[in-house]
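Each of the next two complexes has chain A plus one more chain, namely chain B in the first and chain C in the second.
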Partner chain A sequence: MPEAIIEATNLRKTYGDVEALRGLSLDVHAGSLCGFLGRNGAGKTTTLKILLGMMRPTSGEARVFGRRVSDSVASIEIRRDAAFVGEDKPLFDYMTVQDVIRFTAAFYPQWRQDLEQYYLATFGIAPAMKVKTLSRGMRTGLALVLALCRNARLLILDEPTSGLDPAMSEQVLQALVRHVASAETTVFFSSHQIAEVEQVADRVVIIDRGRTTITAALDDLRAQYRRIHFVFDDDAPAPVFRAKGVERMHRDGRVLTVLASAGAEGIVEEGRTLRPVSVDVVPVSLKEIFLESSGVEG
Partner chain B sequence: METSFLRPNPSSGVPIYLQLIEQVKHAIETGALRAGEQLPGIRPLAERLVINPNTVAKAYRELEHEGIIELRHGAGAFVSGVRPRQMTANVRAGQAIVAAAITRLRARGLGEEEIRRLFEAQLGGLSGKGERSA
Partner chain C sequence: MLWYKAWLETRWRFLIGLAVLMVFACGAVLDYPAIARLNASVSTIDAPGNLGRLIREAAETQRTYRGFIWFQWYRQNLVQTWTILAVLLGSGGLMGASSGSALFALSMPVSRTRLAGVRGATALTELLALAVIPSLLIPLLSPAVGEHYGLGETAVHSMSLFLGGSLFFSLAFLLSAVCDDFWRPMLITCAIALSQTLVGALAGLPFSEMLRVMSAESYFRAGQIPWVGLGLAVTTGFLMLYAGIAIVERRDF
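What follows is the complex of A and B.
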């Protein structure tokens, strides 16, 4: 088993009557670029804030670098060793980009001065610019430069590409790929851009209404999820499959559709005993898996 | 040497590392990559294609396992000497089989799109099973 940098077990969080997290568990492996997917309000930001000790869970436990997030001393150490870029990016508006960088760098002995210029150039930010004049994309860029140059072991990013144009999004993703490739870093980033998660992540955690629905390597999801269409001469039967991996079945006239999360071969074999006139097996995209696991009919 | 790798399609349902493996094999078959030539490093290739470095590493490991490339410690990945010719012969033989199958399917009145879907369905669901469709 690879080392778990983040592990959360049965997290619950209630705000008044609202249950934001309802027994959420997840783990993020060392060295991975792990995407965190969920609809708006699924509990992504709440989870990230709990992991960083910025909010306490109602119950359950989480560890980052093996340290308990609910322990106030440990949570300071977590925030020292993990860099976070949230949706709001508090930066000192009256400073120049260069000032903000020098000010931030002073707090971190492992600061990577060699990366500053490279990333500023990548995001098209001039060091002499006043922070208040930066565009939204540049603001995100600067927040990322500050996070990346800290040389943190863990980057936690809340929707890093939200509101960015496609070119800028691509540059942010490229910076993340470069970062995991060059340093002993783990990246955990939330997003609702499924395509970008599919592109750069090696693992994915999908949550829905405060619970984890899928934690897996993306390649495994791609290799295992299949939609199987059985077409019959007459009305499709409603079989009970013995084979494992049947996530959902749908009958529509002569067609029986099965969504399989694993073992498509076994399901096909078993389905053939029902004498269908044809069998069609098609791959399932992450988008479809996401919609399915979020209770939205594909 | 600058091999022109294409951006993999993350939404195709085919794992990205398999798409990379196919690209390398194809480059060798067409002669774009020759024995002894060096492949891009894991990190530069991951950056160029904006995909996860672990994915590139997995593709390279798999290609090494198949004997198609050699990973030399510290030096990088190189196309190995043995396979390309043999693979080319296999691919030619495969083309003939596929062409014959397509001719027979056309004779049964199936259109291009239907044939494509049949192939994709078989590749997608029953890899390596060699099972006949109903």
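What follows is the complex of A and C.
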């Protein structure tokens, strides 16, 4: 197992009466491209801000590169090795592209000028342009240039493709994948776009209402999650399965549907004792898994 | 680069303020011959009450060139305009929390203390320049109206304005650490500052003491630099700056 670049244990964050994080735990391993999924208000942005020292957790602990994020000195060291792209792509609007690049590069001695030229050309951004005049796509492109060229070991991206057209989204995702492949960078990115997470991520962390519901490799999720349909010749029974992995059951007339997160064979075996007329086992998409783990009826 | 960023954030407020103050300084000197003629033609001012007393004192003070410059420039135009600029440069500026660019600045490998400290130091340097540069025009232009104004006097008044008035900058800086917007710190500090420098002076209220310190009235009248008032203002201002930076260091963004 590669080393954990990000580790969070039982993180809690409250704003007055509102609990944004309620004991969130997760880990992200070196070299992975980890998607961070959750509904609006699930606590994704709060988690990312805590990892970068922009917020302090109410309780619990998080470490990045083994350093405690709530230690202000350690947090500076974390940011020396990590890059952040915020959801709204916050930049200094009063600067030119060249200015904001010079400003950022000044903090990173390992700045990659070759990548800077390459990505500026890829995203069609002229150095003399004012940041405030950039289109949404160009702004995202510039934010990525600033993140990728600093040679960071970790990229933390909050909704990197939000508001972009499909072509630009694809360009951004491809840039990320290429970069990870060439620079051995770890990427932790939040997204609402399940399809894009499926496209590029090798691991996913799904959270719901401030708690982690799933942390797993995407391939493992695809291999383990199954939907099992038992069809009976009369009304379906309401069994209690002893086998582990039953996430949800649903009865509809003669059909009993079981969503399994693991051990589908054992559940099928146990279900056959109820004498169904047929049993059908089908794979489950990440979207269905996400909806299930977020408590949304599929 | 943090200094460059702070300069870019404040340069228009500074440059416009500098231009306005330089125009005012030229106007103050070049207006003197007309005001002197007007003063000479008025023998007595017969107005009742507190306002009448203030008008008589003002007219009496301005019978000399030194008195005219102190009253028009150091006690009115400069102190009021500079105070507004101090509030503008102190407001909203810690890191532009509400604009979102704060997140970009905070993602850099630099401490919040340094981010806020550089921002504050840049604005204070600009305020020092705003207190000194326009005032230097007074001794430079005085020969044009056949008068002389000492550089030493200019230095004492400029430094008194800067040291005393930085209190308002510090208050705006502190409020900006608490509020996410530009307007609330600016309006609250402006209200307090104007009540000190303008309304307080007109009404003769005791809290216009701040105006006396900023304009170094004791130096003008008796050659005594207001050390106690300046010391208190600097100490209070430092504590407010310290508190502002401490709040930035602890708060969530």
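To be clear about the criterion, the second predicted complex is superposed on the first by the 293 of 298 C-alpha atoms of A that agree within 3 Å, B and C clash if a C-alpha of one lies under 4 Å from a C-alpha of the other, contacts with A are read in each partner's own complex, and residues count from 1 in each chain.
Just so it is clear, contacts are C-beta pairs under 8 Å (C-beta built on N, C-alpha and C of every residue); 3 or more make two chains touch, one makes a residue touch a chain.
Only a predicted model underlies this, so the values are computations on that prediction, with no experimental measurement involved.
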Superposition on chain A - do chain B and chain C clash or fit: fit
Partner chain(s) touched by A:Met55 [first = chain B, second = chain C, both, neither]: second
Per-residue contact with chain A, leading partner among chain C and chain B: B
Touching partner for A:Arg272 - first (chain B), second (chain C), both, neither: first
Touching partner for A:Gly86 - first (chain B), second (chain C), both, neither: second
Chain B versus chain C as contact partner of A:Lys44, first or second or both or neither: neither
Partner chain in contact with A:Arg139 - chain B first, chain C second, else both or neither: neither
Cα-centre angle that chain B and chain C span when viewed from chain A, reported as a multiple of 10 degrees: 150
Partner chain in contact with A:Tyr94 - chain B first, chain C second, else both or neither: second
Nearest Cα pair across chain B and chain C, whole Å: 26
Doubly contacted residues of chain A, that is, touched by chain B and again by chain C: none
Partner chain B, residues of chain A touching it in the complex: 31-33, 170, 173-174, 177-178, 180-182, 195, 198-202, 218-219, 222-223, 225-226, 228, 264-265, 268-269, 272, 276-287
Chain B residues within the chain A interface of the complex: 10-17, 42-43, 46-47, 50-55, 58, 117, 120-122, 124-126, 129, 131, 133-134
Residues of chain A touching chain C in the complex: 49, 52-56, 72-73, 76-77, 79-80, 83-84, 86, 88, 90-95, 99, 102-104, 106-107
Sites on chain C touched by chain A in the complex: 1, 4-5, 8-9, 99-112, 249-250, 252-253
